[in-house]
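Right after this note come the structures.
Shared between the two complexes below is chain A, which pairs with chain B and chain C, respectively.
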Partner chain A sequence: MHSQDDMQPEARLARSPKAGVAVLRGGMAIEGHAPVVGLPLRFLITGMLALGLGVGLLVLRPDLLATYHYNQYVIAVTHLFTLGGITTIIMGAMYQLVPVALETPLYSQRLARWQFVLHTVGFTGMVGMFWVWNLPQVGHFASILGLGVGLFVYNLARTLRQSPRRNAVTGGIASGLGWLVLTVLAGLYLAAAKCWTFSPFAPLAQMHAHAHLGVIGFFIMMILGVSFKLVPMFALSEVRSWRRAAWAIGLVNAGLAGLFVTILVGSLWKLAFAGLLIGGLAVYGGEINAILRARKRRQLDWGLRYFVTALAGLLPVAGLGVVLAWPRLPLTALTTQLENVYGFLALIGVVTFAILGMLYKIVPFLVWYHRYSREIGRQKVPALADLYSARLQALGYWLYLAGLLATGVATAFGHAPGVRWGCALLAASLAVFALNMGKIFSHLVRPKPSPLMVPMATPGIAGASHLTLTP
Partner chain B sequence: MSQQIVTLDVREDLRLGREPFSKIMGAVAQLKPDQALLLIAPFEPAPLYGVLGRQGFTHESKAVGNGDWEILFRRDSGDAARLDRGTAKGAAAAPTAPAPGPRDIRVVDARGLEPPQPMVVILEALQELPAEGELRAHTDRKPMHLYSQLLERGFTGQTDEQADGSFITHIRRR
Partner chain C sequence: MKPAASQPSRPTSEPATAAPGAATPSASTLEASSPSEATVLAALQQVIDPEIGCNIVDLGLIYGVAITPSKVTVKMTLTTAGCPMHESIANGVQMALLNLEGVDEVEVELVWEPPWNPAMMTEAGRAFVGWHD
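Entry: the complex of A and B
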């Protein structure tokens, strides 16, 4: 149990009869809940640094993608991307998005702060120990990370219990949390199986099963679940069919469960479960397409374009997955390199690209809310879009796509110089992204509100008091 | 009597992903009594009708091809700053209101706006709320980030979900 001090300050206010905080009919309290900027930001910034470091390493060591993936350096860099980059960002994003996605405040910020320490120590230690291939130490650091993951899952599970809804959003998040726990357990099993040879499964099959759990079960599932809330919100639309959304989550879950087992035991049935999983993704794509077709804002902003393009990347990844799962696929230099392409496109082409798009939504709001929400109606506050440069977003988008294409092709043919150039394009895109993030973060240091120029002529209506209009 | 028409084209703003709401409201704020606003948009901005309607504007809309719309907003009376007072149009669907009933009920329809614009609309409306008044804020989503701002500014809020999945938050001073 947590003491009341563990709860957020807003939640304590809500319990005070004098506070008069919002109360939802039916007896459920809605705590005044401000997004606390420091907590999600420390995760997001750490994750962004890890992604930058990962791409930088690939520029320096293109052989990691240009040669077969079963070696210590590839495993180290992969965990830098997956644990240090993507997982850290998703965790930070979840701490920020919980109030909106689940319509309830986060259960405990204190647990989240402790989790950050455990997570950061855990993943940095793991990456370092993978690099020098010290597996007992990998296991120790993985245990620290696992403890942090336990806090994260417990915190979000308690938050989910408080949520007033049960739909594809909560279902997707709950599924993602479940898969995350299984991924960590599978990873710990892998490390133990390397230290003590007791596992009946083939080492490569174990690793591939573990990877699919993490990438599809946690990363893709969280993206699916949260997108049912965020895409309609930002595209000015609504979920067209909650039943279809639920089917998507269910089919992906069923497909992944079967895929995990069949990869592990080397069964030919993996193709059937891959088909089931792809069916779930197709249903998801159908719902997202319906949401976007019904949108009131015709032009997608760049954040959503990043996200939608990343989702489209699921098509080639799924196609490649089917090819690689095909029975009696000949083991050639090309097919083994295609496994690298498959992993690269899934992690960098789909998950990371989608996350970059979502960061363009999450980070500006976080900074804007922290800096300007108190000034609304009192001073002229900038719009969200004023915090960053759309031109830089566009430049980063095209650099990223070019980098993906170049790196993917070069990886397929094991062409190290090509991989280096492709990753350099990705690094350039991330540098542009960092520049834009710097513009956003500069508002934390130098806020730019200005006095109201026009008196409040139209009471109660936004914008009427602080606009400059060019005729 | 001829009326001068001020034209505002927000298609480029939307194409660039900019939220044009503030720009539109700025144009409305600067309209002279004998002026009307012709808005050109790439879709029918239905939520705007309610917002400007409560300021005393009527509208005539027509689709002009390529999916674009032209909407002419005219003042329907001389009272440009009128809000719904003493009535609760649009909030009639709210199952109950906090007791005792406020004398001055104002309604803000913040549906169809991208975050954080609904919060901006609501907080700006609160600047002018009389001591005994109530603001009824209609939103697409439960305004989770609004509550702490209400607390900080000395208000309470009570949110009811509507049958259509939208929300009405009743806001009064503490």
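Entry: the complex of A and C
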């Protein structure tokens, strides 16, 4: 299915070097696996805009978090965050990272381009129709989105099949794809159940089960899977135990499967499956901790700090999950608000924060690759860290943490002004993030290479060279 | 400054075929036109791993260099299999060496055995990433 359109020009060049000038060979194919830059970037930029819009809406409508979550506006904004923001970014990142992580080219970039159109039309229509609570139209747009998800899953599944490796990375990604399909099916079922009364399950239970499938099954599972590749790569370390990594994926999968069913049917066993899931996350945390302790790159860059801090956020989320899964928990104003905090922390505190960290790795790479990859060896090119400001990263990090804390506390107590101030801090952090992204993207229009220092030497006799560097 | 290597092949003033009666270049002439290993390594130090920001020599990615008249063969690895930068870095090695006087052909042999590990970094590389034993 690979057409010439699907191959990046650099890969073609590498396959047909000018005879007698430069020869590439090796024990492994040297051609690039990453797709062309425009494909992941269109997903990433769309997703970042949706996240910004979502936080902006929360600043304008803090009551969405300060009151109970079962209303059309909360559902609309939640889908703006989950489908428009997080899912779009994860899809773009997957198109970039999966070929890299699995060392195999993407099956088809053409399918991915079509999927982008279906996904964007689908999620914008869904959010709009949720807002005006037109459920038949929600179902129509969800079907368009679902078709796009089908293309996404098919494309990545075919890519996974091509991969020579089978480990916790492939297992995590494959699991995430499976959960994504189930999440979409559960969502379509929910919409249909609202239009025609046929479902034997309680509406709230259906919604909560659907939400857990999406957040844990797709978002968190994808983060777990790719982190076994990316964290060692960025920290100069290695996975310490592939067996432990596989156990983490397996336990989370088993816990989520049980949790989904027990939430749906309202069983008291949901606490046991929550425990199983948390056990998997604890095993995962143990492996990530071991990887980081063995790292050779002493100082973590800010991108990794965002990511690791987000993973630490799983602790309070898991704690809240246990409280909320407790059998016969009394239904009070506080416990219902804690459900809001639980969802907010999982989506914004863990998943979005981790994604911001990964975007600080992915976007500079994409821009660098597009602008400088052909200049390396010809001119002095900047490193990825030279493309953005570490100070802005630090400022954004602390603003985000402060925003999370303020919004979380205010949400718990249903305090709308506090939610507004907390979300304003989050918005400020995203503005700083956007500023840094602007610095990165500025390299696309104004590249900043400098002349290479070409070594001049007295040629000939090995070991007798007199080296000088001249610009 | 437009670098010489923006042209993939170095233009040569040598005729393709020696004129009848012209002196054949001696072995010492060929050797004299080839760069030394130190020159090659210095050129490779201009190529960085963009993610880490350190040059590929100090990272310990260069496993060997073979220099023959007009051709340099570099045996190298990358920090991780599937490194997204592998194509750029390998092309960068070619371009950096084609900049050198007396190099008309570069062969980059990318190998994964032995796998790279941080202990292969030079002292300068270790200092760069902040790793001290």
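Everything that follows uses one rule, which is that the second predicted complex is superposed on the first by the 417 of 471 C-alpha atoms of A that agree within 3 Å, B and C clash if a C-alpha of one lies under 4 Å from a C-alpha of the other, contacts with A are read in each partner's own complex, and residues count from 1 in each chain.
We adopt the following convention: a contact is a pair of C-beta atoms (placed from the backbone, for glycine too) under 8 Å apart; a residue touches a chain by one contact, two chains touch by 3 or more.
Because the structure is a prediction, the values reported are computed rather than measured.
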* Asked: If you stack the two complexes on chain A, which partner ends up touching A:A390: first (chain B), second (chain C), both, or neither?
  -> first
* Partner chain in contact with A:L188 - chain B first, chain C second, else both or neither -> neither
* Which partner does A:Q379 contact after superposing on A: first (chain B), second (chain C), both, neither? -> second
* Asked: Does the superposition put A:F234 against chain B (first), chain C (second), both, or neither?
  -> both
* Does chain B (first) or chain C (second) touch A:R297, or do both, or does neither? -> both
* Mind working out whether A:A272 is in touch with chain B, chain C, both or neither, as first, second, both or neither? => neither
* Given the touch rule stated above, what does A:A434 touch, chain B (first), chain C (second), both, or neither? -> neither
* Looking at the overlay, what does A:F365 touch: chain B (first), chain C (second), both, or neither? -> both
* **chain B/chain C common contact set on chain A** => 10, 20-25, 30-34, 100, 103, 233-234, 236, 296-299, 365, 368-369, 373-374, 376-378, 381, 383-385, 454, 456-457, 459-465, 467, 469, 471
* Structure fact -> Touching chain C in the complex, chain A uses residues 10-11, 14, 18, 20-28, 30-34, 100-103, 229, 232-234, 236, 296-299, 365, 368-369, 372-374, 376-386, 451-457, 459-465, 467, 469, 471
* Structure fact -> The answer for chain C against chain A in the complex is residues 1, 3-6, 8-9, 31-39, 42-43, 46-48, 50-53, 67, 79-102, 104-113, 118, 121, 126, 129-131
* To do: Can you check the complex and tell me which residues of chain A touch chain B?
  => 10, 13, 19-25, 30-35, 99-100, 103, 105, 233-234, 236, 238, 296-302, 365, 368-369, 373-374, 376-378, 381, 383-385, 390, 454, 456-469, 471
* Provide the residue numbers of chain B that touch chain A in the complex, in ascending order. => 6, 8, 14-19, 21-30, 42-43, 51, 55, 67, 80-81, 83, 95-96, 106, 108, 112-117, 119-121, 123-129, 135, 140-142, 144-145, 147-152, 156-160, 165, 169, 174
